[in-house]
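What follows is a set of structures for review.
Shared between the two complexes below is subunit A, which has subunit B as its partner in the first and subunit C in the second.
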Partner chain A sequence: MVKQNYKNGGVLKKSIIWWLLFAVLMSSLPMAFSLGTLRIFIFANFIAIFAMSWDILSGYTGYVSFGQPFFIGIAGYASAILTSHYALPLYVSMPVAVVLTMVAGTLFFLPALRTKGTYFAMVTLAFMEVTYHLVQVVKPGITGGSRGITGLPLLVTGAVANYYLSFFSMLLVAICLLAIGKSGIGTVFDAIRMDEDAVKSSGLNTTKFKLFAFMLSASVAGIGGVLYTHYLGSISPRGMFDINFLFTILIAALIGGERSIIGPIIGAYFLTFLLELLRPYIPGSWRYLFYGMTALVVYNYFPKGLYTMITAAGDRIRSGMKRGEQYDSKAS
Partner chain B sequence: MNSLLELIPSIVNLGISMIIQVVLQGFLISGLYALIAVGFTLIFSVGRVMNLAYGIYIMLGGYTYYTLFQVLEFSKVISLLGAVMVGILFGIITYYGIVKRLLNNPIAVEISTLILAVVMQAVIILLFSPAPKAIWPIISGTTRVGDILVTWNIFFAMVTSWVVLGALLVFIKKTQLGRAIMAVSMDPKGALLSGVDPERINILVWGLSGALGALAGVFFASYTQLDPTMWVTPLITAVAVVIIGGVGSIIGSLVAAHIVGFMETITTTLIAPELRGVFTLILIILILVVLPKGLFGKAEL
Partner chain C sequence: MTAKLLEFKSITKTFGGICALLNLSFHVDEGESLGLIGPNGAGKTTSFNLIMRELKQDKGEIYFKGHEISNFPTHERVKMGISRTYQIPRPFNEMTVTKNIRIGLMPDEILRVMNMNSDSKKEIDIAKNIGFSEKQRLVFPNELPMGDLRRLELARTIATNPKLLLLDEVFAGLTAGEITELSNLLKKKRVEDGLTYIIVSHDLKSLAPLVDRVVVVNFGEVIAEGAFEEVIADKHVKKAYLGT
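On to the complex of A and B.
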């Protein structure tokens, strides 16, 4: 049934309609919400980009990275230094920063040739921590030391413009990654997660595919990182290379549901809004406790994430409706 | 020329005193690191999982001791025991609450324990405020070795560490229960077949790990200070020790703790104090890329 639909392009058409609806709905948000709420949406969009960059690497290929902030920070710092210290314009600094991030991605790729699972996760965590220390010590005149760099040029000003920029970047990244995920490449990524040796023995060069996954993840994180840095207008070591930042990205991807690209978007929105909705009822630090507890419970009891739960519920409703139709036609 | 020649003895003197300082500081800090890492190694050996909430036992130990001793004014011994009890309790809670359900999936355990660590950080902030707190030395006073000032506190930490590690080694090698732990760490299925209850061993190991973490935490906190993010540094030290020492060897982690401790001391004294964590992290990366089994590891992973 599903296969036939796919052949006819039915599913594809349907999903295009859904994406268009989503885009129109999200584009109309600035009319409905205050600037403060819009800023929350902007933050959610960025977290979604970061979570997707984690998903395409770790969700698909199974190489779980604990160092995604490393990519984001490298991109942010590269662009920040190029604009503040070398006075380069943004349209030069940003692409250069993204390319540099992809070069940094090969640093992650080297240990992935030898290690897997826990050990790979620890290497990436070590990379993040080492950069946190080095950024403060090596050439503090350029990196701004532990205080970081402030007063960076902004890409666009105002909440509305920033909202559109962040949302459409997020949408573009999502569609590209989704297309890759659904293509043959995505299937190979999946297969690498399940049994790398089997993929190798069927004649595919897994190293090449892994390298592509790392480059893809690094470039998405890099794009998100430069946009985020030039949205904030400042960058600091603790803001970037931090376990709490990693935690936010990781649980957005996991709670939304890994290996789906759409899941991390749902996760990012869900968690950002959970935190905001709680603001009037629960004071300050209690919110973070509640946030963490929610993450722990959802991850432990619904390990497949919200996206799978939603689609499963949708399927059940649809099949229920179909059964109802059959019943109706029989009755008439 | 003359003045240059006169300088030589003082340079030699400086060199010798520096060597003494590095050796002394190295042994003192390495003792503390061995104590920090051993609880972490224990869990990794038995369950093959990295417990990223381990840093929380260290932090809880420090904060419990602070509360009992400095706020409620109990005696030192009671405060220390209280800290260890909290550690045991929290270790067993981690096992039952999270780890037991996910044991066949190490990455899931690591992510869950990381989330737990961040949650506990929020709890500590709520209970104690984010401001750092000073903890009084457990043994006050200082002594001089040559020109170098050594606090009795860190010396006591090192001695405790050696005593605890020795006791642990005897426990694991000589007692029935200890050998059962070793059996599970070598081959869980084989251990099960020869009548070892893995459930019992797991509870024992997680409780023991919590106790060791909390005990190390009291010393670590009195060596540095208490604050809600203090769990990250000792956790990374423990990860480094496990990775350098390899799986399933207490002697290996003892040697690894000394490698890490001496490397940090040498960096602090000779290069720059800000870089002290960097070389440890670079060593983690290098070892994992070049020798994924660690320097002393024999088990496959």
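On to the complex of A and C.
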């Protein structure tokens, strides 16, 4: 019993040390890399935020959502319109946009929550597509139609400042979601994925918990969306409600490892850099073929994701060491 | 003593053109143990599904502690004190035994659930009480034999702090030794927690010592009711079971 407690405490302390190391390492990157590389990191950080937002909903509860761009787009457009048409400052428009994403997301997805499995995925995908078209047709004067809105105010300027902003936002989101995932809430989400009816008959209102997962996911995507929009300084329907954008987010979460929050971060970095590193060697859109193939191979051989692969390797090394320790303790 | 805990009042339930329950009524008194028996397809599990609101009845009312609960969703009914086990155990397969029990213990409030991430004394107590060894508590359900899976179902339902337990085919697929063990456990829990049981079972021999009264259902209707020995001797019951 005592041993168990000690072990849990040890793991927690160790993980804090890992996070600190990660933060320090990442903070020192601007000294080592060119501004171009930093911009890749910035993009990876945003993809990581989006992938984590997918993970807390779909990875945990098993309700596969194709609607992340819908959230991101709503948040981006809301803030873009508020700043460009109503000349509101960013510190007003951004929180309003995030709240709006949660409200709009909740309203639109309440009917979706009644569906399950593939149907849920289809309904969320439909929302993304419908929004893509609506944004271009309805009030193009405000949304900028198919060309979108440009010349939006930036939060900070320069690659270095943007890098720090995106990285620490990502880190904050990761720590919050990880804490929730490791709490009892994560256990309930897990249980919903395994057998929703059994959760109901354990006295839990699954609709309430699913809605919470949903709003959590929407708020994270919303935060990512406004930061992303005001990093780019422009927004367009093609850039937001694009199926490729959706798949990048999804694949990042899947390749990195669902249900771990850390996995999607690894996946986001892996995918973004894979694409960028291929750029000099493979011309044009051919690199997307390699990217797709790599994703397929990784997913086929490590269906639980890169993160699980890394931790499994770590466990193996550690268990080898523990066997040694046990031997030592027996000897003494 | 004889207050009706649950009353199932003229319930009708059809699936398409098939009538699963036809004007079915029965009740269970507080502290009583009721056996619900009948041939396959008689409507026993359907009754359980209706009591838990996993299905909705077409006609009729269900009363619990005197309140009409027909429109209450499943989780509300569980909070009122009704809980069930499934015919085929439905554990959360990627969770250890204690974590499975934890789901049953969780309050239906997001903020309070957030703090429930470590082994609480309560879940260990329940696991111990149901008879899981320290080693078994950290095991995943797919490593457990059928008898232990049934006990895990029981542990998770007891964790919801029920007044009324619906036990669906608790003895199916168990060895004679496991049946004795589980029977003793059920007897013990009934006294300890003051539980009321409705037990569905095909294993009449094992059921007999556990129940005070039996209701026999066939084709969605009650065909006999009374003490176990009386009911078994009834010619309608014999006919339903043996077909002659």
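Everything that follows uses one rule, which is that the second predicted complex is superposed on the first by the 310 of 332 C-alpha atoms of A that agree within 3 Å, B and C clash if a C-alpha of one lies under 4 Å from a C-alpha of the other, contacts with A are read in each partner's own complex, and residues count from 1 in each chain.
Quick note on the criterion: a contact is a pair of C-beta atoms (placed from the backbone, for glycine too) under 8 Å apart; a residue touches a chain by one contact, two chains touch by 3 or more.
Here the structure is a predicted model, which means the values were calculated and not measured.
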{"item": "Which of subunit B and subunit C A:V137 touches, first, second, both or neither", "value": "first"}
{"item": "Touching partner for A:T157 - first (subunit B), second (subunit C), both, neither", "value": "neither"}
{"item": "Residue contacts with subunit A in the superposition, subunit B compared against subunit C", "value": "B"}
{"item": "First (subunit B), second (subunit C), both or neither touched by A:D195", "value": "second"}
{"item": "First (subunit B), second (subunit C), both or neither touched by A:W286", "value": "first"}
{"item": "First (subunit B), second (subunit C), both or neither touched by A:L250", "value": "first"}
{"item": "Contacts of A:L204 with subunit B and subunit C, given as first, second, both or neither", "value": "second"}
{"item": "Contacts on subunit A seen with subunit B and repeated with subunit C across the two complexes", "value": "none"}
{"item": "Residues of subunit B that touch subunit A when the two form their complex", "value": "48-50, 98, 101-102, 106-108, 110-112, 114-116, 118-119, 122-123, 125-126, 232, 236, 239, 243, 272, 274-275, 277-278, 281-282, 284-285, 288-290, 292, 301"}
{"item": "Sites on subunit A touched by subunit B in the complex", "value": "64, 66, 110-111, 114-115, 117-119, 121-123, 125-127, 129-130, 133-134, 136-137, 243-244, 247, 250-251, 254, 285-286, 288-289, 292-293, 295-296, 299-300, 303"}
{"item": "Footprint of subunit C on subunit A - complex, ascending", "value": "8, 180, 182-188, 190-191, 194-195, 197-206, 208-209, 212"}
{"item": "Footprint of subunit A on subunit C - complex, ascending", "value": "52, 54, 73-75, 78-79, 83-84, 86, 90-95, 99, 102-104, 106, 108, 110, 113-118, 156-157, 159-160"}
